[in-house]
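Each of the two complexes below includes chain A, the first together with chain B, the second together with chain C.
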Partner chain A sequence: MNDDVVLELRDVKVHFSTDEGTVKAVDGVSFSMTRGKTMGLVGESGCGKSVTSQAILRLVPANGKISGAILLNRDGQEPVDIGALDNHSQDIRDIRGKDISMIFQEPMTSFSPLYTMGNQLMETILLHQTPDKSAARTQAVEMLRKVGIADPARRIDEYPHEFSGGMRQRVMIAMALSCSPEILIADEPTTALDVTIQAQVLELMQELQKDFGMSILFITHDLGVVAEMCDEVCVMYLGKIVEKAPVEEIFHNPRHPYTQGLLESIPKIGHKTEGDLKSIEGVVPVPINLKPGCGFCDRCEHKIEGLCDTYNVPTAEVAPGHWARCFLYPEVVEAHNKAVGGEE
Partner chain B sequence: MNETLLDVRNLSKYFPIRGGFWDSVTNYVKAVDDVSFYVRRGETLGLVGESGCGKTTLGRCLVRGIDPTGGEAWFYPDGSEGIDIAALSNKDLKPLRRDIQMIFQDPYSSLDPRMTVFDIIAEPLKVNTIAERQEIEERVKYLASVVGLNVSHLRRYPHAFSGGQRQRIGIARALATNPKLVVADESVSALDVSVQAQVLNLLKRLQKEFQLTYIFVAHDLSVVEHISDRIAVMYVGQVVETATTENLFKSPQHPYTEALISAVPKPDPRDRMKRIVLEGEVPSPASPPSGCYFHPRCRYAKERCTVEKPAYREVAPEHFATCHFAEELNLKA
Partner chain C sequence: MLQFIAKRFLIMIPTILVISFLAFWIIQLPPGDFLTSYVAQLEEMGDTIDPQVIENLREEYGLDDPFLVQYWKWISGIVFRGDFGYSFENNMRVSMLINERLYLTIIVSLFTMVFTYAVAIPIGIYSATHQYSIGDYTATFFGFVGMATPNFLLALVLMYVAFVWTGNSLVGLFSPEYIDAPWSWGKFVDMMKHILVPVVVIGTAGTAGLLRVMRGQLLDELRKQYVITARAKGVGERTLLWKYPVRASLNPIVSTIGWSLTGIFSGSTITAIVLNLPTQGPVMYNALKSQDMYLAGGFLFILAILTVVGTLISDILLAWLDPRIRVGKEA
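Here is the complex of A and B:
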């Protein structure tokens, strides 16, 4: 495994068995994260971006089954396959919060209202770093100072309800970074915040990334935030990555019709246009008992009859570092022919 | 015919805070504080601001979902004679209800789960005795097709529809009474971007078809820019700036507007420029700062801002702002 790669997902699937059938929330996702860089995971609600991040920490609900390899590459150690670990094993517990930590979307509900902020912050430190309570407290106060909480020595003893939304999100970041993780998973960290507060939190995350050198997996549906924060982007649709490319490429040379549609459907600030926004017709299908074929083909204007609606689309490199899952590109058709030829 | 449809003058809504042994009123939350603006016939006025700035409360005062504490809101339904919505009693208000309608934010909780879509859209027709039985059916089917709902799905319940479709149901319900003014409160914020674009396009089309006037309340500046002809920016219960969309984005006259525009992440990685990051947070409308409410976070604040409350004044033609130094600052978007 390349040393620069901290985390690699290979054909990861998360399937939920329900009464109506199997929900393929994540259906064959592969990507790798580079040390110190930010990977963006974008898509609309229900595309599987949050479940992907939960799978990395094995936090999916009990009826979900994870398959595929999730390789964590820690400094100077053998890579660990998180996909093969048990949900309750000591190994995964050692990884959670120490090597990989997570920031959640809802700063209101992700803290326990019954414990002080300090208590919740120190829990991670006590678990992974030091059994000494006063040392943990000192470290927690220091972390709070780093994320810009004024008067941290006093505020550490306050309860979550005494903090505003933006401040809670700062504490959550402090908690996630308290053990200097290799990877930070940020699941819609600024969605619940106002724009001026969002700007503060994004700024803070960029500064901390410079200081701590962690890789960030940034999950969001806001393309503006992606353009601002990420180095590389994966666009997800119906549990699959439909396009993966460096951030410049995604915004200036999008290949997949879904990515193109998404970019055209957002109004751009400072560029008021008369007339209609281009929208993607139809809605995201329910991921139960899906037919083979491209999940997007019913909404796509470039649909090729007999191809897009019959065969599962493979992914191929359409330009250096730019992967797409769409039959419009000869590289993809070639990969498809190879796969079909191999079966016969 | 009068060009103005709605003229709001010094409108206020204070919510009392009760406390102490006798449960007496100790203070007020000034959710809407001395707000003035006007809306022209057939235009869209965008109302933007961060959470807690009073934009929803203001919208609700205008449909009289809540009663304003003070001020006037003159409504000119037929062009000539004005009616002060803020002063009407509930009984006198009833004939006016059909002229002012609302589209809500949450398509999941604003529809009664025990009513079919047909009944939901028909309810305003029945309540306002606009149509008789046979007519109701025709009218509901017409409304459903106008907003792009499948007419054969009208007997279904709201749970069977997706977020975007539910929002269409809410729009059809608002249009049922042939309103003149529609207050859309964060009507697209709960939707995914691709669906959001569909609903925005629908709202624009309906505006032309039915000569509607919108007050579009939202926090997303890029959406507001897209749909509005003019924009009012709110901060801690006050309107701090009103201007045409073009002028507001080209030459904002209030430092808060400048910071707000700058804070929106641009969907272009080549545009990664230095944002204006505002320090601190929005003050509570129960205990706002002295002088200009924005001065603790303002980059340009001077001595005068901390003591003297700036007036809401016309700083350029059609361009209103609440800042002492609007002319001198030369702000850029």
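Here is the complex of A and C:
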């Protein structure tokens, strides 16, 4: 495994068995994260981006089954396949909060209202770093200072309900970074915050990334945030990555019709828009008992009859470092023909 | 916290006074009084009584005084002299009757509560963490059967079973030789043997209900984001369960301690009659039937105090459990 790669997902699937059938929430996702860089995971609600992030820490609900390889490449250690670990094993617990930590969308509900911020913050430090309470406390106060909480020595003993949403998210970040993880997974960390607070939190995350040198997996549906934060972007649709490219490529040269649609649906400063903003017609289908074919073809303007609605689409590199999953590109058709030809 | 407790304690005093007033008013509500029902009873049996004697009795007990005067006599007696008045029917001071019954009632009630919580909470936790497992379905089944079975029926069944197995019906709280004996180790052991049946009988319905509450609450809490946050930090499942969701789901259970205490008190009357328990239920019941108003009022008053005290206890426990409830702390 390349030393620059800190995390690699290979054909990761998360299937939930429900009474209605198997929900293929994540259906064959592969990407790798570079040390110290930020990967964006973008898509509409229900496309599987959150479940992907949960799979990395094995936090998916009990009826979900994870398959595929999730390789964690810690500095100077053999890579570990998280995909093969048990949900309750000591190994995964040692990774959670220490090597990979996570911040969540809802700062209001992410803390237990029954314990002080300090208690919940120190819990991570006590678990992974030191059993000494006063050392943990010193470290927790220091972390709170770093994330910009004023008077941290006093506020550490306050309860979550005494903090505002933005402040709670800062404490959440402090908690996630308290053990200097290799990877920070941020699952829509700014969605529930108002815009000014959003900007502060994003700025804070960028500063801390410089300090701590961690990689960030940034999950969002907000393309503006992606442009600001990410080095590389995966666009997800219906449990699959439909396009993967460096951030400039995604914005200047989007290949997949879905990505194009997403970009056209946001207003651009300096451009006079004529009439209404474009929207992508229809909704994401529920991933139960899907027919073969491109998941997006029912909503796609460029649908090729007999191809898009019949065959599962492979991915191919359509430009250097730029992968897409769409039959509009000859590279993809070629990959498809090779695969079909191989079968026959 | 201390300030909070002190404040709650002060509020208790007017609350109890208002309740005492209401209690006294309610037991006066039915038409007539003890003497009219006493006369009626005598006439039924063919006896007559000199109206002058009745008149003297009315005078003596102040039964013709205005309501407020009667209330004042009653409450001032309780507050200043610990005198709850006189029980017409039993020809005894009410305080004597209450003394005799009350501590046994409290013992049975406390044991019942401990039994209820000790059984319901662990099973509720198991049911929630193993939702839809065989164990959960079994607990649910017995829970509903327990809730649906009338106490007196369960009492009869257990008495029968106890009799068949031990040759002793385990009626009452003591064996005959200990009933009037002073407290001793032997009497205590004897009571422990007898107390199991009433505790199970009185506690089963409450246990079954509490089990469902605990299960439902915990299921709600287990789905909350903070549980996932804690798991993402690397906290072990067991530590996590006890530290976060279990503590949160105790909240509604703790806040109902106040009335579950009275529920056990008044709900156990029929059981107490069936099992011949020397608790307050049957005495209270008779007092209400014969309009023995000072006795009924005395019991009502003490029940009210226990409810208020129970509520205080649950408030203090809640404040300890949930920091958001701790009021009076300067922001």
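The rule is short, and it goes like this: the second predicted complex is superposed on the first by the 340 of 344 C-alpha atoms of A that agree within 3 Å, B and C clash if a C-alpha of one lies under 4 Å from a C-alpha of the other, contacts with A are read in each partner's own complex, and residues count from 1 in each chain.
Here is the rule we go by: contacts are C-beta pairs under 8 Å (C-beta built on N, C-alpha and C of every residue); 3 or more make two chains touch, one makes a residue touch a chain.
Given the structure is predicted, the values throughout are model-derived calculations rather than measurements.
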Practice problem: With everything superposed onto chain A, say whether chain B and chain C fit together or clash. | Solution: fit
Exercise. Consider the C-alpha centres of chain B and chain C from the C-alpha centre of chain A, and write down the angle between them to the nearest 10 degrees.
Key: 70
Quiz prompt | Which partner reaches more residues of chain A (counting touched residues only), chain B or chain C | solution = B
Quiz item: Between chain B (first) and chain C (second), which does A:Ala135 come into contact with in this model arrangement: first, second, both, or neither?
Solution: neither
Quiz item: After superposition on the shared chain, which partner residues are touched by A:Val333: those of chain B (first), chain C (second), both, or neither?
Solution: neither
Quiz item: Between chain B (first) and chain C (second), which does A:Val247 come into contact with in this model arrangement: first, second, both, or neither?
Solution: first
Exercise. Using the superposition on chain A described above, determine whether A:Ile304 touches chain B (first), chain C (second), both, or neither.
Key: neither
Practice problem: For A:Leu114, select first, second, both or neither according to whether it touches chain B, chain C, the two together, or no partner. | Solution: second
Quiz item: So, A:Leu263: does it touch chain B (first), chain C (second), both, or neither?
Solution: first
Quiz item: So, A:Ala69: does it touch chain B (first), chain C (second), both, or neither?
Solution: neither
Quiz item: Which partner does A:Gln198 contact after superposing on A: first (chain B), second (chain C), both, neither?
Solution: first
Practice problem: Could you look at A:Val283 and tell me whether it touches chain B, chain C, both or neither (first, second, both, neither)? | Solution: first
Exercise. Pick out the closest CA atoms of chain B and chain C after fitting on chain A and give their distance in Å.
Key: 11
Practice problem: Using the superposition described at the top, list the residues of chain A that contact chain B and also contact chain C. | Solution: none
Self-check item: chain B-facing residues of chain A, complex
Solution: 44-45, 164, 166-167, 194-200, 202-203, 221-228, 247-248, 251-252, 261-263, 265-270, 272-273, 276-281, 283-284
Quiz item: Touching chain C in the complex: which residues of chain A?
Solution: 57, 59, 88, 93-98, 101-102, 104, 106, 109-116, 120, 123-124, 127-128, 159, 161-162, 172, 175
Self-check item: Residues of chain C touching chain A in the complex
Solution: 224-226, 228-237, 243-244, 247-248, 321-324, 331
Quiz prompt | Touching residues on chain B, where the partner in the complex is chain A | solution = 50-51, 162, 164-165, 192-198, 200-201, 204, 219, 221-223, 225-226, 245-246, 249, 259-272, 275-278, 281-282, 333
